[in-house]
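Which chain is which? They are A, B, C and D, in the order written, and residues in each are numbered from 1.
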């Protein structure tokens, strides 16, 4: 039997969308996935227009996710989509994810997982009962140097971790862009669409996920001081947090969407008893490491001295920079490989992409930070 | 009529190939091109195996490029490939390119254009007589910051150009890897497959192309001192060149594949009477500029202060790094847009991708450098 | 009347001392100060040996600071020292500073000002009653790019400040170096010699001072989580703090002497409503700035676009890096200029070097951080 | 007998001088040298005014170097200067150096050594016959990371050297500053004061010296293409050179004073068969190294993994940046230590500072480059 590409349907992501376009490009890079249908907009005309611009046939451009799920379900097995990618605002993650899973489709969902923690926990149950797979696009964990960092901690190269710093700084909400026609901004500052976290949900969960992924340690408790610097904003657009990790390490997290001039500055530093490292998303092809008795060493994708985990996800030789889309693509690739394995009856232990459990961690993080902030920065367990 | 994706056939690029895989990924990113067939190897079995791994049907995996071109020609117009991508060693560029063009297929060809200058000039005539399009993958010109650099020069921001430096440094041929089973190395050091230039053709032409693309100036003459440091190598694996540009600017070019430790360090500096800049391929998302009366300014893709030419080719917001594959993809995208325009009867003036003329410049560059080196570094016109 | 160099006496700083040597070199650079005497050790023999190695005559190498102050006082006015530099551990700052001031000598004192807040406040009174000058060597404020940063905030270039980050990270106490013969470490981990702060006093006060100096804003309150990672340590060797500035800006401070691999990483980021910047002590000749509608700009000492405050303290042309000693020297130079002005009966308004008031801020900072930490990270006013 | 500071006299370097001030500060840092007299200007009044500003007594501020040498010679041995520092334009190096040596004074001389090669060779004989010492201030070799680089090559860490790149780029002569009242520029573009080399002498000799110092290899021959971009300039203000080293390594040198925007960008890259490194004067506290089978390693002053040669010249702990003045000071320190040794009858083998031999290499370099350039870039032996 010949292998085949997986077929993807998309929910949200109409023309002009940022993250929908990212999901499409990222899913295309490795040649394992075809976009075959979409409910790109809740407006049927717009959905069709978006789909045609993507060279889809009109009959597979749907006016709602419900329609898409039901109609695709009725298509022949060798035609219908294998999974859906949900790229809508947060409040529209849970309903389509739940319905897709219940109708037998795997799901890729943008972060944060859901609008509320309750939804997240409900979704986890649906995932379990459906037997279908769910990938959450914490895309930064797809970077080769993030894999190297994680492997170095896991292999004990740094010794016991003592200190961590993670930050995710953007400046694009420095002014009241939500009052312009910036759709990205509008829903993000709206608690009905974003949930109880603003920057916390949008970028804080990435920081939280990256930290826990790399260190293999859970955040045990946190103390938060959130800011709402934009006039009239009810959700946080800035936050400073103290962290205590489950092993006794201490640290800080700083997130912001009003850090004027910052573009997309996600960065992490981890200090152990024997070594330390730092990684910057905006310059992702370097992992800077320091050691107790050796000079600073800088690792690069496909360069010297890497762990297999890092080599696995580099697509091109050393010195040929991979970026945001490639890391994103790695989430899709690992998810696709898992689906294929399931289809073949194979078992993959600890598949390497973020799942519904990561989504629940993210929601718990948001809830803990908001609770701490409301109570003048008391320590709250995560 | 519904738009459609363009259909690509590939010549070369079987399993394990570096550059074939790059072409496939790059052509997939923007969702405008489908790989539909291939002559991935001159061994039919290997070609089929490669094609199946790419989810192609067996009947479109051909045992030779001749077979592919002839058979595809006979397929219905709405099925057959639109263009071929040639990703073979240099000596196998001209024959399939010529045949494809003559049979009505557009061509994407890896650099350098051909084995000899004569072939290149012959190919130029075929392009003209066929009325078909040819893109040469000098991929680095697809970077947003390269576009910005070119636009800054074109708009006179730097004033008259006085000094240029370009280098392309790699270290992977520092040892005799051609004696191992490294296929990439084996053909590159073989004049029958590479032509009269070693590093000159493999990376020097990229440096030459980038320099002329960014400055809008031709290299008028050059003086070269080539090295053959690897034991037994007959082709250059290193070279230092003095440059004189057509406007009187002076400069240097340094290329090497024995610069131990360098990964893929293509870099350029341009100094004018009013400003200057530098760009590094390994950190492609920065353009560092200097000015007569202002502090250093650093531009980033989709960041502040860019020309439209740079904005046009950024796919994602500022701070989301694009890399090698994305720049490569831009060549494919612009080529695809040109084909579509031609198909629609539209005219695009100065389409922004490297063409057969760039290929001829590259061959002339190689020939001039070799001649200078043979004559103890005399100045030779390019 | 001919001008003359100022004459300096030193307390502490015997052979092998780190900071004593720094004070000597820094005070020598600008050719305004001569070292003329010293009580380099409480052991008279060692003091003499140290002084002779510095080419001092034996009769001006004293066995105690008391002896030095009393004997120098009796020397002719045109021979005796003008001021003392105190470079002893913290517990030995207050007694000699007080005595020197009371005997008519100006004082340079290493930071933190004193062992306790009470001493600091007492010393402030002595300064006032003596009419003599005291400089506290928060040396990092002497950097040209720190002056530029401060001037940019003061001139409103950044608009209202919203967010700050400051860190001072070292790794040299990662292991139990205090158990070896490392004198620097031994007294720093000893509360009798260091006071109630460990890293807080040693480096935290630098961070606090730099932040308040650059932003012109006081830390209104802080919440601290201190670490004592070295076995048996009673003083903090690590700390993470949340900050609220007097104008409503929020921020973080992270300090550590167990951040393995870090050398002397003092860094600050400041975000305003119109611009932001960052500065790194280990690469001090750059000030990286970001703007709402312009590309990133990087300022350099004596480079383009600087405020006069920055130009004033650059000794050499752009591109000739100045470092730690030069910044330190600027404190000495500005202090010497103030003494000369006083000697001439001139009045200098707001002389630009840290004074006893900065020392008191530093002590209050230490006390607030320790109190917050003891009370599970409650907010404490500074 | 008590040790004592060495006594320095200065020739040139009046108020407003750049390099005179550098020599004074550099010689002061280590506390081994006192400035005691000077012929700061050929105008006696100006000389006295300059000397008084430096707190010298009027009777030791001389109106000419001849006067200074003769009068100092008559002072008691424990009062008169030990050596002179010559900081005048190039044409005024030879006469005072010769006279000082012949009258028994050691000499520190700024680079290039003399106006002509003949003078340089004559001076070498004077040095030899006088038995006095001469130091040439190729100051960049005083950097700790340059020492480390040299030691790594000497110890064979890089294996046989194959490729070198050196550049020294400035932009301050981009416009006709010599037509303004810029004294630095005026004499540098005047062949009567500079000699036959413009940028070649001013910065090219630094590049040549650094390259030969670090690699331990002589430049065997060179081919040069010089530029005179400033209107009316007869001396080079830009140059590109091909290099062949005595061991067969090849390379490039690029120098410029019209590289607009460059401040003082002296940089070197060296590639061997086993490793390579690069060093940038503007960021002098890093040595970036690359290896055949290990990740990139970055060395820092007083950091991990250094050779003793590098440790010897670091004054302060790792992470406390040293800069231009400190490297300059190292030349003075090593020279002072040599004088002291000579005074004590000790022998120092290969004292580590540039000498008259380095000066002659520099002159030969200038002459070879000018000859090559005049003959359309032929290869010329150095």
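The rule is short, and it goes like this: a residue touches a chain if its C-beta (ideal position, glycine included) is under 8 Å from a C-beta of that chain, and two chains touch if they have at least 3 such contacts.
If you're wondering where the values come from, they're calculated on a predicted model, not measured in any experiment.
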At the largest C-alpha centroid distance from chain C we find chain B
Taking all residue numbers at the chain B/chain C interface, are over half used by both copies (same) or under half (different)? same
List the centre-to-centre spacing of chain A and chain B in whole Å, with centres computed as mean CA coordinates. 34
Distance in whole angstrom between the CA centres of chain A and chain D is 55
Counting only Cα atoms for the centres, state how far chain B is from chain D in Å. 44
Considering chain C alone, which of its residues make contact with at least two other chains? 262, 289, 291-292, 296, 300, 303
Flag every residue of chain A that touches chain B in the complex, lowest number first. 2-5, 18, 21-22, 24-25, 28-31, 35, 52-55, 57-58, 170, 172, 262-265, 281-285, 300, 303, 315-326
Applying the document's contact rule, which stretches of chain C touch chain A when the two form their complex? 162-163, 165, 167, 171, 174-175, 223, 225, 227, 229, 238, 240, 242-244, 250-252, 254, 256, 258-262, 271-276, 289-292, 296, 376-379
If you look only at chain C, which of its residues touch chain B in the complex? 289, 291-300, 303-305
